[in-house]
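Both complexes below contain chain A, partnered by chain B and then by chain C.
Then we have the complex of A and B:
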């Protein structure tokens, strides 16, 4: 915010120089500041103070909303977080959720993108159908799948017994061995269309000349896919990877609505673990440290991804 | 050559049929369940097509009196509509101005500022929850639509900025230069030249922003508590926690809650790809 007077005087001073270029740059900076000010205010006005405040809390022992004594404990909360058994099992589940859901979404998304890109009659109808899961609110999606997986009346049980694949109704979400996979299934169903649209955007930007050249060379489909489609899709795939990984690390709503982390913590991912630590157990100091560990993990992963991404030259930066 | 094409066609149609079935089956079952009488819904073996339709859940939702499920749902629908549309409108105005700066102007820290906006997406909401709660409560914006709009805006604006600045980059700068030679200001050029040709990008941004705001759950869960500001995701999650045995009611509520998002998504669906094809490459 303090850059306003700086920029303003900078502009005034710059007018005295005959260098038009410099003046232009300064006046552009001035205009850019005012164009960006509302967005900066809307985003960082809301998040900067809480971000710093949470960082501060993470160094203190705060174990109740009404705590009167909150001693400074330095990095103890972080040590406690990193040595807690619950943390590492939640981290393991988060990793499993991230890897499994992202790979399914990527592979299935590629298939759906290919179909969306194909020319056939009724394509508009297909596009409309594919948009449905994406538009369905996460909580509605969770409630829907909770009904499908229900042990008493769920349609999955009905379908599988009527096909004679299972004999008795199974508690899909009540069984620690299947619950997380069922949540992943619900997440993949909802998010694959978004991934597909991202990849479709990449597919449509591939020049048709490349396909024609491949046809003249009588290249087979797997060859075309490997040497044209996949390399051209690298930027889109990296973007999808970054976004979906961040989302998976932050995943909360679908878990909350489907299983509340249960049964026996088998669906408790790291963001949900932080939520229970901070709100159910009222361990605000610990919860704050935990959320910073999540931030650092996401930051680390994103840096790696972005380094890979920067190799593609079409980046905006 | 001909057999190859035929094989391709068969492959495409098979794929399209399978994917459509996988997408539609769960959704249609939910819609059907919302009008299936309870006795058929819980029967074993399940009869997929009910012999009679039961509209009582919709009646409950639309006509239910004070303190009923219906009242909560209708209040939540109004709250969601207000919060999402105001958030989208504000995010579009703020985002358009900012995106123009990123796409057209050269200034110090441009890359850094853009990076900051994108990095804000990495912050999990959980990291902001406690301090935000204290702030909102101290300024009296807890359980308040305006409070929710303000925090949602911080989530939506970076997305709009990203989609729009990428889209603006694809619009030839020469169009604008011509207008500016004629004496139009930068803002005039943005309004008269850039925006009209950025329509697909704008629609894509509106769709993304709306789905994001409509879907937001964690802030609404913690910052709202009564019908005054509770949004649909919170209301539906309460329903599905409370009425586990009455899936028909949850399904009816869920379908109605999804309807506005479905309408927006289907209406703007054809702009998504053109909006993203440029947005797919960011930094």
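Then we have the complex of A and C:
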């Protein structure tokens, strides 16, 4: 830094500055581009290119992974998807899975978050233990629950018979009426911790003055919950709701590992249906169209959510 | 600014690429009609072959490791990298890896040659296939490698489901294997076993929503004197024997003779149920005999008899044809080396050596006393069973037909539809496919 009050050099520097700054900004942008390029390439390779390619394939009839003749069929694949009976029943099951699993995770997550937020000795230990289900890979979680639900040696049957709640062993995953609910249970067990931690973040950000004020006003617990906790948690709940709905809607891995869609297709969700269509039946055009229908459905859901959130004043989004 | 420009440029390039692809008459899979199946990279260089194996039933992973070691010793320039997947994942693995040409050698089931060959996923090896093999190999096994008169692979073991019975349990109700030669006999013995409290559910089956269900059904369909398709290739399981077999299956569930967990079981689960003494009788593949006599995983060592599948009311007892075959992936870069590996694996000498794990598909093996004595019970049972086999429909869209059948058979088993209605629905859906 110069200390001489030389006006001549001062003006010279003043005219020089914006230029250099512009150059600097330009070179910074250049640098940023090159730093981001590898990530861009990866994103293009694993997301953008496959997405566009899938869109393209959805307009053709592709009957083989190595098809040599692939006639253009326009929107026929989409029409076929939307008129297929299998599609609508899979969609219904997916909706059921999404609504039930998300609501259970939300309610249980709220309870767990409340417990984790309470002050007690050894809270860190409790918080660590709670996160374990979520840290398990889905495939491990699925194998574990498959063992628990096993009709012959599963621990659930053992527990319920020893408590004299049921007389005979029940085929939890073999009964089309219970199979999907059992998969939901496994999913809820795994995903509740994630929801709990999102909500815990929301809970910790509620200022203690609010609780103190409520106590002075002699508000009861339900009143505190309804008037303070719930409204202050709306942003966290909304984020969790969006994330979990989308996630549940495209559920695949836990189904593949636990039931493979059976019995009598009673656990076949829309993503599993798309997988079977594309890779087992080798109807790649139809499968691609199906994937796009799923994408559009999720996009629709997300738009509705975001609209609702924007209307709410408490929203962070 | 920069970023936005890049965006625009990217979008332009992408749409140009799309337009080019759409306009060009070439296929969207990027595969052209006269695709060169890359010749062998001759010249002494080291070649690595990727081979796709099945994880369960038949040869164990240890067996395969020994085979590969011997092959690599004989062919120092070729290295083999094996991959093992469960049977339930094998089909989809072959399909999804085909465009990348990941596997030079793949193991395929008897029900897939039609699909894989017609869709160009595997190579036609008719010109490599010695004509002597066509007479020296068992006919049922050969069908696993054939489609429309051409050879798309080399058989690797014939296979069918045999009938296993726990003779210890049978003896407790005064029965012997002679009493379970017919399905009626099986039911009578099962009823006695249940009434005497020897075992809660005498029968266990692989009736999960999977191909395993079709294999069990096929065997019963054959015993009731039926076939899957008529001479024109249309599915006819909604007539006489097709419905009778399913009605019989459902009745064993209703009578409490069949383990109610059967609709969730695969072959492996059935084997484990037998091994832990929770079932007296079941159908399973040849290698199950080895597993049931392995003291490390079985509590019924030496107590199990193996025999051909029981006879039905028609007096017939065909086994389901469950043979497998080796094929060369369409995009394999080393077809010559791949063929060498297949020749070695399927050779009489190699198969004979592992006859405890899987039956050989060479007729001559069944005449060699030193080979048959390594696994006498299974050789005796399987030798008879291979004389009459029932085939599942040999159609390119078999996977879809099978899925329809799986769902409808389960609908009947779980009481959601009557057997007649379930099979009518299955036939209507399957015949509407093509």
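A few notes on this one:
The rule we apply is simple: the second predicted complex is superposed on the first by the 267 of 317 C-alpha atoms of A that agree within 3 Å, B and C clash if a C-alpha of one lies under 4 Å from a C-alpha of the other, contacts with A are read in each partner's own complex, and residues count from 1 in each chain.
The definition used in the following text is that a residue touches a chain if its C-beta (ideal position, glycine included) is under 8 Å from a C-beta of that chain, and two chains touch if they have at least 3 such contacts.
The shown structure was predicted, so the numbers you read here are calculated from the model rather than taken from an experiment.
Look at A:303: by the touch rule set out above, it reaches neither chain B nor chain C. Residue contacts after overlaying the shared chain place A:257 against chain B, while chain C stays out of touching range. The wider contact with chain A, measured as residues touched, comes from B rather than the other of chain B and chain C. Once the two complexes are overlaid on the shared chain, A:33 sits against chain B and chain C alike.
Once the two complexes are overlaid on the shared chain, A:68 sits against chain C while remaining clear of chain B. In the superposed model, A:57 makes contact with both chain B and chain C. Touch criterion met: A:152 reaches chain B and chain C at once. In the superposition on chain A, A:139 contacts chain B only, with no contact to chain C. Shared contact residues of chain A, touching chain B in one structure and chain C in the other: 29, 33, 44, 53, 57, 150, 152, 169, 279, 284.
The touching residues of chain B, when paired with chain A in their complex, are 9, 12-13, 15-16, 19-20, 22-24, 26-27, 29-30, 33, 41-42, 44-46, 48, 90-91, 93-95, 97-98, 100-102, 105-108, 110-111, 113-117, 119-132, 135, 150-151, 153-154, 157-158, 161, 165-166, 169, 186, 211, 214-215, 217-218, 221-222, 232-234, 236-237, 239-240, 244-245, 247, 250-251, 254-255, 257-258, 261-262, 264-266, 269-270, 272-273, 276-277, 279-283. Contact residues on chain A toward chain C in their complex (touch as defined above): 29-30, 33, 44, 48, 52-53, 56-57, 60, 62-70, 72, 150-152, 169, 171, 173-176, 260-265, 276, 279-282, 284. Across the interface of their complex, chain A is touched by residues 1-3, 6, 10, 14, 18, 21-22, 27-29, 31-33, 35, 88, 91-92, 95-96, 98-99, 115, 119-121, 208-210, 259-264, 273, 278, 330-331, 397, 399-400, 403, 406-407, 410-411, 414, 416 of chain C.
Interface of chain A with chain B (complex): residues 25, 28-29, 31-33, 35-36, 38-40, 42-47, 49-51, 53-54, 57, 111-112, 114-115, 118, 120, 122, 124, 126-140, 142-148, 150, 152-153, 155, 158, 161-162, 169, 189, 193, 197-198, 200-202, 204-205, 235-236, 239, 246, 249-250, 252-253, 256-257, 271, 274-275, 278-279, 284, 287-288, 291-292, 294-295, 298-299, 302, 306, 309-310, 312, 314-317.
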